[in-house]
Each structure stands twice: as structure tokens, then as C-alpha cells.
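Some structures to go through are shown next.
Presented sequentially are two complexes of chain A, the first with chain B as partner and the second with chain C.
Here is the complex of A and B:
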């Protein structure tokens, strides 16, 4: 324990040896937790990546059956909204399930006692969730474009869009997983959130198709903002207020990050 | 066995209990198991009903959001008349399988099978409780969806038997599946996949003609489409033809479900 506490206890000015040591300690912790997550979930991650792809492509193909003739605009909105689902499912649904399993199995306390900064554990998980979701994003978009003969105008903003949407989803899932100590309730909350995302958020259909009050509520909720960010990056002209959407998503990410920090940092 | 027991009992001078068989014993066991099921599930059953109403009604409302402002009355009628099927299937797939797998994980089935009651009475009791619990949720879903879309339905005299039969059929199928699959994790995966397929790839809230030909043919064999048909026929007029064929297909699937259940509970471990 003394070895671990030493770098953080030193005064660390910028560029000082102590600061370098702290940076190395953090990077070291990130590398270890990244490797830990990959090893721990080596069997699960390929399955999760496949599920995300099937879920995304299945939704893209299935939603067209609802309509006798799906309008191009509706098809484009669905296809460019699905990446939000691809990107946040791992963080929002899977992470609470992993942590619930760890709590039930009794390994949660062991993992929390590891000599690595807990913030680095969160960032390592973010990296893993992002890598797992990326193939699903690409394959879902490809299947949607082929099925509905769309032409997407993909802009460079897709890079920050993917990073921001995934980051917000991971932090929200992290907060739920660590702050709600009853595994069943944590799973219930994350499942309910996905239901809200699918049906009551303007992610795969425009906000004007919701009742006015629900559309207004959604302006302050994260999913609609994530969708605006993604629609805008994929060239959907209906997407407006991208700057505001980034701010709302950032606010949810910060809020979730604070809750998660409180949950993993408190003494029990 | 009886002879051996007689000999042993007589030899030990222990008075033997009366022979437990016959319809009287079955009915008293069934009544006792009904009390057991209701008492042991008293906290779960209200949640089951709530979940069914929220999911069934929520899904019916969500379809409307996807279709958007261009929704015609006939599309709305399809969605509303599909809501009871969604509620019934959800209740069975999520509610009944959760109950069965929880009992598996807790080891409760071993205890239940050891009770001095015919296993058929045990199963009949569970199916009765969940069938009865499903019907109010289905009615509530239908009422809420009708109110949401501002429609007037034309209920036929077949509405009561259709709702009860649909609930019994879906409960039997979910119960048989959950009991026959040994690993609860596999059951969970199958349930999630089925819900996904039912919500998107099944002609419950849209006509079967909107499916590709091969998928429509598959659905003419599977129970989901026919379940939606008998429920739709009972609350609308002119939308469904040849409902007798749907009843026949569903009867076949119910026999399959009961056979799977009988095979599972009858075998020795």
C-alpha cells in the first residue's frame, strides 16, 4: 500500500519528477486495466460485438417492415440513429450486468482493491466498450445503406461524435453500475433506459413525431442529444442544435462521472 | 411398489395412508397447489401485471411514434388490435420464464416435485394462476391503446374465450420452453431474441402481406401470427378471415407445449 500511495503523496508540479512519476503511474494503471478487461472478457466481448451487430442490423432491417413503403427520410433517420444504440449498449446495459455479476459473485471488492487509479479503470473500460461497438456501427450503417439505397454524407465530425456518444453512455452505465448497489435494481434501471431510448426518445424518428411535452422533455435528456450529434455527423439535414446537443451530452457525462466517482471513491 | 410397501408397512405394523389417486385427490392437490402458487408468488404477481401493462401499452404507443403523423386509421387499428397479443406474449415470455428460472436457480422445483401432489396438478395450477393473471393486463393494454389512438373497437362474443385461450397458449409455451431448457442463461438469451423477433419481424401490429414471402410462410406455421389473428378477430370486424385455421394451428402448438412439459416433469433425473 505504501508503494502505491507514494507517488500521489508527493508534491507534483508540472514537469517535475513527481508529476512524471504520477503520469507513469496513471498510464501504467490504464494499461493494466485495459489488459485486465480484455483478458477477463475475452470470451464475452466477441459475443457482445456480434450481439450489437445483430441488434443494429436487425433493427435497421426490421423497422422497414412496419411501413408498407418506408419513406427515404424515415429510413435515413433510423439508419443514422442506430449507431447511438450500438455505441451505448455496451456501456449502459452490459457494464451494470458485469458489475451486478461481480457483486453477486463477491469479486467486486477484490477488483476495487486493485492498486490502480479507479479513474483509469473507468477509462480502460471506455476504450474496451468503444472498440467492441465500432464494428457494429460500421456494419449497421452498411446494412442500412444497402437495404434502403441511402447516400450518407459522412463528415469528419463522425469522430468526435462517436467518441462523445460512447463516452456519455459508458459514464452513465458506470454510474448506474457502481452507485446502485442492488444488482437487480441496477439491471432494471439500465433495461428501462434502453426501452426509453428505443421508444420515447427522438433517436430513430424525428422529435416532431413525439407529443410536444415529450419532445420538450427530451431536449434535456441525453439520448435525443446523442442522436442529434450522430445525425448531424452523418449528414441528416433535420439535425439542428448540434452545439447544444454536445453541451447536454457533456452535462450528463459530467453528472454521471461525479456520481460514479462518489460511488467508487467512498469508504464502506 | 404398492405390494412391497404393503408388505413393509404390515410388517412394521404402521398404518398405511389411503391410496392417493383418482380425480378427488387430483382436485384437492390442484386446489392446494393453487393456494401454494398464489402465496409463494404474491409479491411477484402484481409486478408481473404492471410489467405486462407497461410493456404492452408502451410498445403499442411506440409503434405510433415510428409511423409518425401520416398514420392512417387502418394502421392505427392494426396497432391497437395487436396490443393484446403483445401484452400476452410479453407476459408469458418475460413473466412466466422469469418465475420458472428463478425457481430453478433457487432449487424450488426439486421441492415442488417432492410434494405429495400429482405433477400434472402442479403444472395445471401454475398455468391457471398465470393465465388468470394475464387477462386483466391484456384488457388494460387494449383499453389504453384504444384510448391513445381514439378508436372504437367492435367486440365479438369470442373476445372472452379468445383472451383466455391466448393467455393459456402463451403461458403453456413459455412454461414448457423454460422448463425444458436446463440452463437458465440459455433461456434468457432465447427470450431476449424472441422478443426482438416478435417486436420487429412478426406480423402482430402490421399485416402479414408486408413481410417477404418466405418470412410470411414461416409465420403461417409459427404461433405468433395466429395468436395475433384470433385476438384481432375478437375485437375488430372485417380484418381477419379464416380464424378457424388460426385456432387449429394454436391448438397444435399447445399440444406440443404440454407434451414438452409432460416429458420434462415426467422423466427421472
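Here is the complex of A and C:
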């Protein structure tokens, strides 16, 4: 019987083109983990994107139902803050839920055994989360502009703003998902953070409306800074301290990244 | 980087042979696949494949793949809760060898392979593949080894063929070769009717076979299979074992974790029996059974709810698993054993009996004192 030959992994050996660089290895890992994530989530990504859109548009339109008249400045502040929710929710909520599902189903270890750099797997997921959230961001802003007749001054800074906010949220979610090994607790923590984000962070309202101590605490928490970044990129005049906001968000991203790196590299 | 030069790619072009009956044969350059190691009786088959490829590295250094020997040396794993899951386990698997890790549930088999793939860290000891220290470099372990875990593979959203191809591409396989290999595996495992079905609609056994194909489509130098036949129907189990053997024929070291002794006996070249984290015995299936030469196994199916029969003096040892009573007797006592069993049937204590040659399972039972969970199965 003929052997079924196989494209087996092999040593390149002297003189071979094994000189595939580490960069090429990383890019390969990124490309195929991105493809894996897209295929893996093909049934749920449209639903996730729809949820984010409903979340954003629902807030925008819902605020208008609460108050008969909303000042333009207040409406603009709310509308330009909600995209932060869109961007963070994709990373902070979905990743812990997805990983919790993998742990429960027992498939987590198969995915961890894949021969790709784990940093690239994380970046692939970041790309997926960004793609999932972007339509919601756009539709949230469009619905806000239409509902409240706003004139947003969208600056080029919107690009790094979206990338930075999403990146920080994804890394925070990644850290929670992989560092907390009990699926239920990971899901609860990420859900609790969303409540903090909604209720106690100056995302849809200015920090000055918080009690002083909470406003000071929020100076060191990521959500208010993310909102500042987004407000600034969308031309909200109240946004100040954008540079500091980037630094705070970057600090959280780096911290979360370190935790995530420790968690995915940890071997019990 | 040495590792990049040594592995992760399954490169295109080289080794595609139009002379192969299935249209291709991948024969990577350099020293892979090897012509010198593995099971000597299969070496010629492999050489034949190589001989048909225009890209064959005929100058492959004889014996060089001995450098790809997989070894564990005094591997000990103590979990934080104090459980000693592995206790100084040393073994080796040559390229081309199918090596079974047998033992009852909780013996420490899965713990051992998780340390190989870098999911767990040994408390002490070394795990090496050729010149690579897999404990020190878990990223290399993931690239050099392919792993089918005991749990289902996460393919609910994937078509069966799509998942297989994607795994091959993730491992760096050439698109054409991976596609052909995926189709060949689907055919070999008789999965054609589920080729494009989503994983969510597949049965556990079919999903298991797809998982095997995902691992085998572009395998590493070591393929680790943790209970690969779970939930698989008897017909396709045979096909699966055939493919496991063919992985060995291609020069890949296969580390097979199972508690199904009867199946393992037919599939492995060598095996280790592990219990309570310790390696109790190691050798070929024949050598394991050597101690039972001149002995027979009397298997009696007792009537449910009946009392245990009193064992006659010629029974050397016995094990009870459910309604099955398995007794080992000297072959000189065969007529007495048959007479005793017939009496049990005649008096309504037993329903039927069988006298057969001893199997690996008998040696396993003697070593571990456990019944294998599939012990009554003849598949």
C-alpha cells in the first residue's frame, strides 16, 4: 500500500532557505491565527457586532428618551464617549467569555499548543476585536449626529485614538481571560469592570461631575483616559490632558500585556 | 535562529512527486524524512517513496535522524497540591516508532504529555527532542510536536476539511500539499460525507477523527495522541490505527496515550505501563507478555447478581471486572479449566466462558492491579 506522504515539518538544514526570519515566522503566525479566529467566530461575530451596535445606538437614542431637551454640548459629550464602550466591550467582555467557553469545553489547551507565537495570537485577536467594534463605532456616531444634529469635528487623531482605546481594552480583556483560570470568575470580573465603566467612569459625563475623590481615582484608571482620547479626537472642547490620557492608557496596556504574557506563558 | 532553521515550516515544492499514486509525496530536503531509523522492516518502504521523488535528499546522512530521538529523563511532576503525578519517568522514542503510554485513569499519562508540549513544567527532569530542550524552550516544543488532546477540538464553526487545512497552514504547510494531504486523510479515515459539515453538527467520534487529521495533516517530529480513538466507531478505529502506523512509517515519533490495552497491543512498537505516576514496565508488547508464556486466560461471564464462585487451586491469579471474571491458568491445566468453567455454566453461575492465549492486558492487569476500562472489548 502506498504511503500517504505528508508535508511534514522538517529541519531546513544547511543551504536551505531556512533563513525564514523570526519576522516572517511572526507574520505567518499572525496571518493564520487571524484566519483561525475569523473562521472560529464566523457564527458569532455578526451577532457580537450587532450587540455592540445596539449597545451604542441604544445609548445614544435612549439618552434622548430620558430628557426632553439635551444641550448640544452634553449630547456631543455623550455621543463621543459611547464609542469607548463599543471598543472596550469587544476586548474586555468578549475575550474572557470566549476563553471561558474554551476552558469549559476543554479546547483551551489545544489552542495553546498551536505552533504560533502567542504574541501574534494576541494581536490577531486584537484585529478581530477591532473589526468587530468598528461598525458599531461608526453607527453610534452616525446615529448621534442624526439624532442630536451634531457637528463633530473629526480629526485625524481618531485613527490612533481608536487603535489605542481598542488595544488597551483588548489587552485588559486578554489579561483577565488568561490570568484567571476559573471561567466563572473571569466572566464575573469582566462584567464587573463594565459596570464600573458605565457607572463610575467619566466616559459619558465630565469628570467634574464625580465626587472629587472618585474623579482623582479615575485619573489613574484607564476608562476616563480612554474617553479623553476619544473626545479629543472627535473635537470635544472639554477634553484636556490628552497626552496624559495616552500615557495612562499606555500604562494600563503595558501592565495588562505583561500580565497576559505571564498568564499565557505560565506553566503550572 | 537554530529553531527556525530546524523546524516550523513545511515547505512548498520540494518533494512533490508526480510518481506517487495519490499524486504527491512530500519529501523535505535535508535529513527528513530519514532513511536510517525507525522500524527496520519498514525502512525499505520509506526508501521506495523517497526513491520516486526527484527532490530526494539521497545523500541524507545515515543515522542522522537518531539526532531526533525523543527522550524524557527522570521527569517528575508534583502539583502544588502535593500530588506526585509523575515520578522519575525516563523513556525514549525513536523517529518512526509508535510508543504507547498505557495506564489507568489518573496514572499520570496526560500529565507527562502536557509537559512535552509545554503546557506544564516538570518539577524536575529533562525532556529533549534531538538537541532541543523542550522544557527550557516551550515555543520550540509547540513547533516540533503536534498534540491531539483528550478534549474535543474546537471546530464547531469550521467545516471538517477547512479545519484540517487551516491547521496545516498554521503549521506552515504548503497550500497545495496541505490540501492534498487533507483530502487523502479524509478519504483514508472515511470522512467524505462530513467533508464540509460544520463541527457543531458532527458526532463526537467524527470530531475526534477530524482532530486527528488536523494533527496529522502537517505533523511535527513528534505527534502526541491522547486517547485518539475515544468515541470512534470500530470500523473507523481500524482506519485511524492505520494512519497512526503510517505516521510512524513517515519517520515521525508517535507518542500514544491510551488506556485501551487491547487496541494498543496491535498499534504500538513499544510501550510503557504507568501507574500512580511511575513507569512500571517498558518494552515491546511481546516482551511484556513474555512472563505469561505457557499460560492461558480463562474469561468467564458470570450471571449478574450471582455469588462469586470459589476459585480452584490451579488459578494462578484472577481479576473481576463487572460480570467478567478473568483467570490465568497454566496451559497444562487447560482441560481442568474448561471443566470448571463448564460446571459454572451448568450450575447457572456463569453464562459463558472463553479460554484464550494471554494478552497484553493480562500483563497490564498484573502490573497495575487495575482493569482497563475497555477491558471487555475485543476491538
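Keep this in mind: the second predicted complex is superposed on the first by the 248 of 268 C-alpha atoms of A that agree within 3 Å, B and C clash if a C-alpha of one lies under 4 Å from a C-alpha of the other, contacts with A are read in each partner's own complex, and residues count from 1 in each chain.
Here is the rule we use: a residue touches a chain if its C-beta (ideal position, glycine included) is under 8 Å from a C-beta of that chain, and two chains touch if they have at least 3 such contacts.
A quick note: this is a predicted structure, and the numbers were derived from the prediction, not measured.
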Task: State whether A:155 touches chain B only (first), chain C only (second), both chains, or neither.
output: neither
- prompt: After superposition on the shared chain, which partner residues are touched by A:43: those of chain B (first), chain C (second), both, or neither?
  reply: second
Query: In the superposed arrangement, which partner chain does A:210 touch: chain B (first), chain C (second), both, or neither?
result: first
Field: Contacts of A:237 with chain B and chain C, given as first, second, both or neither
entry: neither
- request: Would you sort A:106 into first (chain B), second (chain C), both or neither based on which partner it touches?
  value: second
Query: Regarding the shared-chain residue A:33, is it in contact with chain B (first), chain C (second), both, or neither?
result: second
Query: With both structures placed on chain A, which of the two partners, chain B or chain C, ends up touching more residues of chain A?
result: C
Task: Give one of first, second, both or neither to describe whether A:195 is in contact with chain B, with chain C, with both, or with none.
output: first
Message: Shared contact residues on chain A, chain B side and chain C side combined as an intersection?
response: none
Query: In the complex formed with chain A, which residues of chain C make contact?
result: 1, 4-11, 15, 17, 20-22, 24-33, 45-46, 49, 79-80, 114, 117-121, 138-139, 142-145, 147-154, 156-158, 162, 166, 168-174, 177-178, 181, 184-185, 188, 211, 216-221, 243, 246-247, 249-252
Message: Going by the contact rule set out above, which residues of chain B touch chain A in the complex?
response: 55, 58-59, 61-63, 65-69, 196, 199-201, 205-206, 210-211
Statement: The chain A residues in contact with chain C across the complex are 2-14, 16-22, 25, 28-29, 32-33, 35-36, 39-44, 102, 105-107, 109-117, 265, 267-268
- line: In the complex, the residues of chain A that touch chain B are 55, 58-59, 62-63, 65-68, 74, 195, 198-200, 204-206, 208-210
